[in-house]
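Order as written gives the chain letters A, B, C, D and E; numbering starts at 1 within each chain.
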Amino acid sequence: MAFLEIDQVTFGYKRETPIITDVSWKINKGEFHSLLGRSGCGKTTLLKLASGLLNPVEGAVYLQKKKVVKPSTAVGFVFQSPTLLEWKNVIDNVLLPITLQKKPNKEEINRAEYLLDLVGLSSYRSCYPEELSGGQQSRVAIARALIKYPTLLFMDEPFAALDAITREELQDDLLRLCQMEKTSVLFVTHDISEAIYLSDQVALMEAGKIIYNLPVDLPKHRTAEMRYQHSFNELCLNVRQKMSGQEI
Amino acid sequence: MAFLEIDQVTFGYKRETPIITDVSWKINKGEFHSLLGRSGCGKTTLLKLASGLLNPVEGAVYLQKKKVVKPSTAVGFVFQSPTLLEWKNVIDNVLLPITLQKKPNKEEINRAEYLLDLVGLSSYRSCYPEELSGGQQSRVAIARALIKYPTLLFMDEPFAALDAITREELQDDLLRLCQMEKTSVLFVTHDISEAIYLSDQVALMEAGKIIYNLPVDLPKHRTAEMRYQHSFNELCLNVRQKMSGQEI
Amino acid sequence: GDESDQASEEKGELERVRVANWSQLISEQTNLLVDEEKGFFQEHGLDVEVIPGVGGGDAIKNVLTGKADIAFTDPGSLFFSLDQGEKLKVIYNIYPQNVFNVVSLKESNITTPKDLKGKTVGVYSLSSGTRQNLLVLLHQAGLTEEDVEIVETGLLNFAPLMQGQVDATAATDTGLYTGKQKGLGEVNVMEVKDYLNFPSDVFVVTEETYETKKELLTKFLAGYRASAAWMIQSPEEAAELAVEYAIDGKNEEDNLEIIKLRNASSISESTEKSGLGTIDEEVLQEAADTYKQLGLIENALDMSEVISNELIPKE
Amino acid sequence: MRNVRVYGILLFIVLLIVWELVSGAMSELVLPAPSVVVMTLWEGLTTGYLLPHILRTLSEILMGLMIGSFLGFLVGILMGEIPFLRRLLFPYVIASQAVPKLALAPMFILWFGFGMTSKVVITALICFFPLLENTVTSIQYTDSNKRELFRVLGATRWQTLLQLKIPAGLPGIMAGLRVAVVLAVVGAVVGEFIGGSVGLGALIIASQGMMDTPLMFAVLFLLTGIGMLLYQFVNLSEKYLLKRYTKGKNQ
Amino acid sequence: MRNVRVYGILLFIVLLIVWELVSGAMSELVLPAPSVVVMTLWEGLTTGYLLPHILRTLSEILMGLMIGSFLGFLVGILMGEIPFLRRLLFPYVIASQAVPKLALAPMFILWFGFGMTSKVVITALICFFPLLENTVTSIQYTDSNKRELFRVLGATRWQTLLQLKIPAGLPGIMAGLRVAVVLAVVGAVVGEFIGGSVGLGALIIASQGMMDTPLMFAVLFLLTGIGMLLYQFVNLSEKYLLKRYTKGKNQ
């Protein structure tokens, strides 16, 4: 069985209208998967189902062979909106997953500072969320999701509020971190090239179903140049055409 | 004097550290301008200054020759986060700018329905914001900003939460609407090609200053094919390189 | 309470007696409050603690719950409790004189109870002695509650009279004195004692206490009688002490006048004959019968079963 | 939820039994048995003896509640919106609350007479404060993004208040109303303690005077019932009003 | 803001003058002049006559407030977190509030003695409710995104409560505390009405017995002062505690 296994899951917020219908998906240990799809097709919902935030009406989700019924603490989650606590400053927001259980020790504070540095916010460590720009807030949320060395990451459009350059830097950092720590990732994005660049596999959703599944066989170590290679652009175009409903 | 004129504006949230320093900018009637820049460089702040939500410490903003001290009702604003009222349903949220003053009449309700249709949310008219996906919420916010036929639009990453296809559709719709109604727009985005595609002029911000100003001399009527033309890509690359600090 | 425990520890051997009062510790009761200074009770090996209350009913309830041994209460409250089947004993007549009255402004020309017909009369509260005694007074004149309009005026009962909101107000002798001090002008006063002179206050104990603690009660009554005699003897000294010991004893002159009034109500023909505290069975019986006729109580009460002069020390 | 009802009734019965047993060892003057109280209550209700008192107190409560909570809401809005007024008036608001109404009762009688007015005024005064305080607080803590939205829409202060601050603060305001509604019951009764011959408060005093403790407890039962009814009424109207606020509420 | 102080003092002086004039036309028994009241107050303070009463009442207020608001907060949390408890206990909470404490005097004395305990209990009972109601409400309306965040972080119920619901609900809880603090003053005084010989409440009763209205008003002034001090104290600690919540607060 795969590391994370979504098994014939069906779900609807109201009983009548299913938002997710009969979706199955597998992610192996250390793999990076992306989820693409039009706005409102059910990506966020699927992420919440996979993480145990929502429970499927039919089917089940298995994490390391165990059925998922509620979120596990070994999992990191970046929501579509940053969701910071306005009464904690930046570093405390990053440390929240730890302070929930105990006083953070030196090492954990170092980790938080390292992550803040990674997302380029070292100098904002004592600021409060309302003093940050939109993109800065989402970067804090990313750092928070990484603080506990999660074995599985769910990320819902984490880079949507970032400029192209910061975005590319963070993409590389994220890839490096995940490969180092063998983190599995399920990543939602609207940027097709981002999906291709990051992923081992890309899933395309439409109206609650996964309609296309594209394994990305680019070299495991991604470099900036790849973005301009033909094979890369080919893959992007492929997905793009699938999305707009054209057959290739 | 231009339609909107930002005149040597300086601003800081706390007195000591200016976030915007000595920025000047002009937008003529019916022009579409985009603002690009790295996360945290001051785009949102500049938009708030231009709209009168914030008042500059030095310098001034003029709208149709009149000094701006508070937001004008002839202006539409799309915030970086959707900011919908959770106790109103979708159509009522779109109609909010009107219901503030009076009961909306038939015509205005029609306009709201037209805009909802434009952003692809006709079938969600009676839903409440919490029942919408992230992208759907931002689309409602876009419809709300357009309801009163604004003569000037400020948009802060309005399409960030949208998939490529919806995004392109809305870009075309927005351009059409603005050309029809001769709306001036100041548009913040992180997507360089979006900026080029939409704008008559692109400004690049860095650390509170406008460091580069690129007039886009593509044919006024934009078409999907343009995106793949050489001149278009040239412009994108130009901006891209300016952003990463490389000289061309 | 903890405070009382501590106090008794300090005083060592003294036996504790708790008196449930119908009011706070006020200057007219100075004799009961100055044991520290005068030792009326200490002399008999007693440590007296006075428990404040709100009305005579409270005093009896405190006795019934065992929070106190002796109740300093009015006959009305006694009748009500007996009427409900409680077993109580009256052991001492504190104020044989009825101190209640009905006061009206001179210009209203109300001189007899009959004149009250159709008038608005203020009482201090529906649960107070002023109301009950007003009813007694009306009854003696053949009137009932329906013939007048009774309104509650609260403790400042003379204010509405002065403002003309009521035609008359039911009060007590000390209340009237205080009112006059505060600028109440010329008034007509009808004293209830001229119609039915039943005691104002008595010491009441439960039958159980009466049976089991006779000796203690006797000692207490001896002490109390001595204190009352002292207050009659030296009102000036009492008035001075009241400044410290009574919550309302701010003004020594007022204390003196009030103490004098109470001294006067502590004696009667029978007390002259048989000593302070003697209970007159007949008037109490008559009062009980009146209460029955007024419909205030349901059952006929036999006072002879309730009254005991036995514990009052012989002179 | 059916379980709750079952346990609720069970708990109630257990409490009644304990009370019945405890009261058996005590004088009826001090603590009457619940059976006696219920019988007294029943008798009072069937003979119609209690009816005029209930009606009187109920109308005082309702009138006082309406006036008091309306004024509390209004002054709360004024004080919430205008910091100047807040700082200017707050000493008087505190004074009106920290002073025990019972002490002022004679004044109230002098100013408002012996009739219902003085009781309604006391009730209103008591209801006033929780609503005021909660309104002031609730309309001040509105999401700053939403406030910015309203500024951009050129909303006047009045429009922002009506369409943003009040709707967004409604949960807090309703909490204030729930406190007010229960305090109103006490307010009316305390008002009747002085200067009343009709009403449940007057009945309490009268029953105390006659040492008719069962009657007093019957009245206390009634007051609890009235309080519960009013509270539930607010709760229901809140459910209706706040249908859309459940977003933040526990599922 | 300096202006406020000026206007405040001006208003106060105008009110005092009006009162002085009105009282001139009235018997001192009905409405004493403020000058007389202030003199009485001054005298009472300098001679030390008022001191033991003030100390007693103050300690009752503080103890009652501490116990009552702590319990209100605690039960509020329990009832907010556990709907079962909410539905089970709410009738008893209402009963404890709708029943006038004054009517239960003999019970209180029976259970808690006639010392300070019974007054502290009454004060606590009165403070209890506003805090309870506001806590229940405040911890229920937490932003659902934040609640989802905490679920994802695997936060236990207890952690969510402590680190999310309480901090997020603090403004509402503090509003409840502000109401409670002022009601505590009334609570202690009412407690002293039922048989006390020390304390400002007892003094009010005594002053009424002596028909010493100036003394009564002096005590009422004192109570207002105490109420204002306590309220301001809560306000200041709120400013400190809620520094970070100003996000949503008017600039």
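Here are a few things to note about the model shown:
Throughout what follows, a contact is a pair of C-beta atoms (placed from the backbone, for glycine too) under 8 Å apart; a residue touches a chain by one contact, two chains touch by 3 or more.
What you see is a predicted model; the values in this text were computed from it and never measured.
Common neighbours of chain A and chain D under the contact rule above are B, E. Counting only chains that touch, the fewest steps needed to get from chain C to chain D is 1. Of all chain pairs in this entry, the one linked by the most C-beta contacts is D-E.
The angle of the rotation carrying chain A onto chain B, fitted on C-alpha atoms and rounded to the nearest 5, is 180°. Centres computed as Cα averages put chain B at a distance of 50 Å from chain D.
The geometric centre of chain C is 36 Å away from that of chain E, both derived from CA atoms.
Chain B and chain C have centres, each the mean of its CA atoms, that are 86 Å apart. In chain A, 81, 130 are the positions where the chain touches two or more neighbouring chains simultaneously.
Among all residues of chain C, those that touch two or more other chains are 61, 65, 154-156, 159, 163. The residues of chain D that reach two or more other chains are 30, 106, 110, 144, 193, 208, 245, 247, listed in rising order.
Taken together, the chains touch in the following pairs: A-B, A-E, B-D, C-D, C-E, D-E. Note for the complex: chain E touches chain D at residues 1, 3-5, 7-8, 11-12, 30-31, 83-84, 87-88, 90-91, 94-95, 97-100, 102-104, 106-107, 110, 129-130, 133-134, 136-138, 140-144, 171-172, 174-176, 178-179, 182-183, 185-186, 189-190, 193, 201, 204, 208, 216, 219-220, 223-224, 226-228, 231, 245, 247-250.
Chain E makes touch with chain A in their complex at residues 145-146, 148-155, 159, 163-164, 167-168, 244-245, 247. Residues of chain D touching chain C in their complex: 26-30, 105-106, 109-110, 113-114, 193-197, 202, 205-206, 208-212. Chain A meets chain B in the complex at residues 13, 36-40, 43-44, 80-81, 131-136, 139, 156-157, 160-167, 190-192, 240, 243-244. Residue ranges on chain C touching chain D, taken from their complex, read 55, 57, 60-61, 64-65, 77, 80-81, 84-86, 125-128, 131-132, 150-156, 159-160, 163, 165, 296.
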